[in-house]
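Labels run A, B, C, D, E and F following the written order; every chain starts at residue 1.
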Amino acid sequence: MEFSGHPRLVRNAAESESEMTELVLPNDTNTLGNLLGGRLMHFIDLVGAMAAYRHGRTHVVTASMEHIDFIAPVHVGDLLILKSRVNRAFNTSMEVGVKVWVENTIAGTHCHVGSAYLTFVAVDSQGRRVPVPALRPETEDEKRRYEDAGRRREMRQLELERKRAAKAAELAKA
Amino acid sequence: MEFSGHPRLVRNAAESESEMTELVLPNDTNTLGNLLGGRLMHFIDLVGAMAAYRHGRTHVVTASMEHIDFIAPVHVGDLLILKSRVNRAFNTSMEVGVKVWVENTIAGTHCHVGSAYLTFVAVDSQGRRVPVPALRPETEDEKRRYEDAGRRREMRQLELERKRAAKAAELAKA
Amino acid sequence: MEFSGHPRLVRNAAESESEMTELVLPNDTNTLGNLLGGRLMHFIDLVGAMAAYRHGRTHVVTASMEHIDFIAPVHVGDLLILKSRVNRAFNTSMEVGVKVWVENTIAGTHCHVGSAYLTFVAVDSQGRRVPVPALRPETEDEKRRYEDAGRRREMRQLELERKRAAKAAELAKA
Amino acid sequence: MEFSGHPRLVRNAAESESEMTELVLPNDTNTLGNLLGGRLMHFIDLVGAMAAYRHGRTHVVTASMEHIDFIAPVHVGDLLILKSRVNRAFNTSMEVGVKVWVENTIAGTHCHVGSAYLTFVAVDSQGRRVPVPALRPETEDEKRRYEDAGRRREMRQLELERKRAAKAAELAKA
Amino acid sequence: MEFSGHPRLVRNAAESESEMTELVLPNDTNTLGNLLGGRLMHFIDLVGAMAAYRHGRTHVVTASMEHIDFIAPVHVGDLLILKSRVNRAFNTSMEVGVKVWVENTIAGTHCHVGSAYLTFVAVDSQGRRVPVPALRPETEDEKRRYEDAGRRREMRQLELERKRAAKAAELAKA
Amino acid sequence: MEFSGHPRLVRNAAESESEMTELVLPNDTNTLGNLLGGRLMHFIDLVGAMAAYRHGRTHVVTASMEHIDFIAPVHVGDLLILKSRVNRAFNTSMEVGVKVWVENTIAGTHCHVGSAYLTFVAVDSQGRRVPVPALRPETEDEKRRYEDAGRRREMRQLELERKRAAKAAELAKA
């Protein structure tokens, strides 16, 4: 895929920052009154898509999500706070970091529920991949996230090749 | 209702500040792809309840909503940004201000959709009214909102009395 | 906007009358089992849109909602009864009145929850305003509502001008 | 089950009459913009439950639904009108009749979509069957419905016995 | 309607087999924590449509549902298992059988909730009826279902004619 | 946590096997008619929870999800097929594997969308961890999955320790 001649823009990380707050209603919970894990993943995907959407200014589709741990339970009546920002833009994809907290407003507690890294692909209205602006990291923190995003991408590609090789070896044996 | 002896707390307006961002999905729209007015009111009520909840630190129920104009249409694919904060606390109720913007991320536009004032009542788990902390306005802006909230409350009470008098007059005639 | 030459129809208020009954399910409630205020506003908007839709026979969008008080709580298991009718039609907009009752069928109680006035604008499939038939009030009650709707509209316009003037004065000072 | 001594009340059919109007939103439709059959059955069950609830003044659960034909398609943007009333009360169950129309408000058409007969059982908060008031038919139409409901019940019981006998015969052969 | 010349395909019943499992969430239940009857009908319609869709390989709409009994209650936290397959294809319609079980996983119980027969009509993207492949029954069980589906169809048509004749007689009297 | 004396049961993998089929409706999609990534994660979590629920026969909560790639787009009107089974049980947790396919019934295509590994924790009705039966792998395939699940668990624990050490080092520097 080549986009030479295309006026490649550059944006910074702060421009993509997005925030969602959700009041956990009975509707979102299981029979114990706990937020369903899948419902939380749904919120994470939405807030992640917002950051990618703001950076890319084009339609986006979810391509992958990294390992995620749910380290604190979330109950009906809690406030769920989700923040997202683009860590790095590649040619037609973006890595977005999402962080989630739960606030039990009555008790006055606030704690970290989990963090996620998602990759979104920019597409046009026909679903074809389109290029996105580069991201220029500015603060120390942004530079660290930028480097980490590159490392995670390399690892994902190594893993993909390892799987392909394993499959080829298996087919050769058969 | 008297709560003398109750350790009346004081909080400032910034502590109640809440923010929601919603991606408008086909699910939320009418047959023209416009956000349903009632769906927007639902988001306004939720973000308003969050601010009241954070100020009162108790259950809250919606008591009233002031006149609201929807001055810009919202379409599927837009981002809806809602911000709320408590303007003033009365004995067992709070006035919350909500402001709504729509962001068309692809076009890069951002405009004001409407503003609303809601009153929430603080209740315990049995639904009985409970007192809330007072709100201490700090900035010029907060002081103006505090005064305005008082004026709106007086007008609501005058209006209520006018209605009662009209009803009484009507009953007297009959 | 001019629609001269358009065969302006006339309809009466009864033709627009609409009725909705909703069984309040756990799905619609907060953690106390009370109907969410925003969910109720959503029902009010829907039943209001039906009346406007029946009068205008064209797509409609919500333009504004007047002050609304929620004077009685609504619980899970209650029946919610909503009735609406057009009070008056203006050029391309209509004022609709909505009245809401709650019926606790088991206890055999029935009480008034609140009343609302909404304004809907008639639009074509491109979202452009289109004219609506006039409304001819017939009963005493319909005539009173017709007059009141005119008065509320004048007040909304005065309020709008007051706000514009205040903004202009503010800008002049700055 | 015996309820002798219980002060058996009597109600008439009109008291149970219920009405729902639903605006068909994109949310309720398949990929062709047609109302999903199952969504329509869901509305039929809700409006039927309302009538049974109003007659029995106790919790109700759906026990059966008779054959139903969907004789006209329903599209996004249509108004769906559903009316229900109890036809006859048995000891702890009630037969409810539901009739559904679709109104295409823009085209000004209104047609019959289908009719359904449902049986609801009255239960207490532990799910145990409880008796319901008898229904006294008053008009000619109500008397005809009352008789028909009795006939349908007999046919359901014959059918049930026929199935049981067939199963017994099958087991005897095996 | 004639489709001579159309390359009429034949499929067997197993190809249409579909299965859904639903975890009953608070969201799907009434105030007693029981699955709503209408919600269950909605699942039945969905799994039925899947079988018709797989047989017809075209859009399908629900045309009718036979009498259905709900013989066991379903509670929040239960697993609902639904299986469907096409029993017989007619010219442009298909009869689908659906069987529903409830599994209380913690108690280790599993029981039959009900069975339903639905008729779906195959349509193109404009909503016009289109022919579907014939179904060739293979096992003894499939042959029995095939015969039963034919008998049910005849009974539906007799019933339809009886209704029409009754209506005609009524009109003649008037 | 010690459960000595507890009659530890053993189950095999096939007993936990679960299957869901979902018809992708407009309701589940973004503005391009593509299934939302978060909606897919929600289905994956539900079908995963079913397998864990069937193995553990107790309440379960989602603890983590491994990296997941979405390798094929899913569109409105497609059938989504999800299968899950427990790969290995640890003391109070279970690793579940989920595999997802999309079937475009009209085109007759069927392809793999993605695979996921989730960890669920067994809890009682108070949310306290409870032990689950061991899983005895039987086929070659089940033994491979069992070994892989152990390896993934070790890696997750190493990663956790690495993070803790990094944090400790950071705190020591500060």
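General observations
In this text, contacts are C-beta pairs under 8 Å (C-beta built on N, C-alpha and C of every residue); 3 or more make two chains touch, one makes a residue touch a chain.
Treat the numbers as computed from the prediction; the structure is a model and nothing was measured.
Separation of chain A from chain D in touch steps, taking the shortest path, is 2. Here the chain-to-chain distance from chain B to chain D, counted in touching steps, is 1. Chains making contact with chain B as well as with chain E: A, C, D, F. Look at the contact of chain A with chain F and you find the same residues on each copy: over half of the numbers used there are shared. For chain C, the chain whose average C-alpha position is most distant is F. Note on B-D: across the candidates A-C, A-F or B-C, the interface recurring with over half of the contact pairs conserved by residue number is A-C.
Centre-to-centre separation between chain D and chain E, using Cα means, comes to 19 Å. Inter-chain centre distance (chain C to chain F, centres taken as mean C-alpha positions): 48 Å.
Centre-to-centre separation between chain D and chain F, using Cα means, comes to 41 Å. Centre-to-centre separation between chain C and chain D, using Cα means, comes to 32 Å. Residue positions of chain C touching 2 or more other chains, listed in rising order: 26-27, 30-31, 36, 46, 49.
Pairs of chains that satisfy the touch definition comprise A-B, A-C, A-E, A-F, B-C, B-D, B-F, C-D, C-E, D-E, D-F, E-F. Residues of chain C touching chain D in their complex: 18-23, 46-47, 49-50, 53-54, 57-58, 79, 105-106, 108. Within the complex, the chain C residues that touch chain B are 30-32, 34, 36-46, 49, 59, 61-70, 73, 118, 123, 125, 127, 156, 159.
Residues 26-27, 29-31, 36 of chain D are the ones touching chain F in the complex.
Residue ranges on chain A touching chain C, taken from their complex, read 25-27, 76-77.
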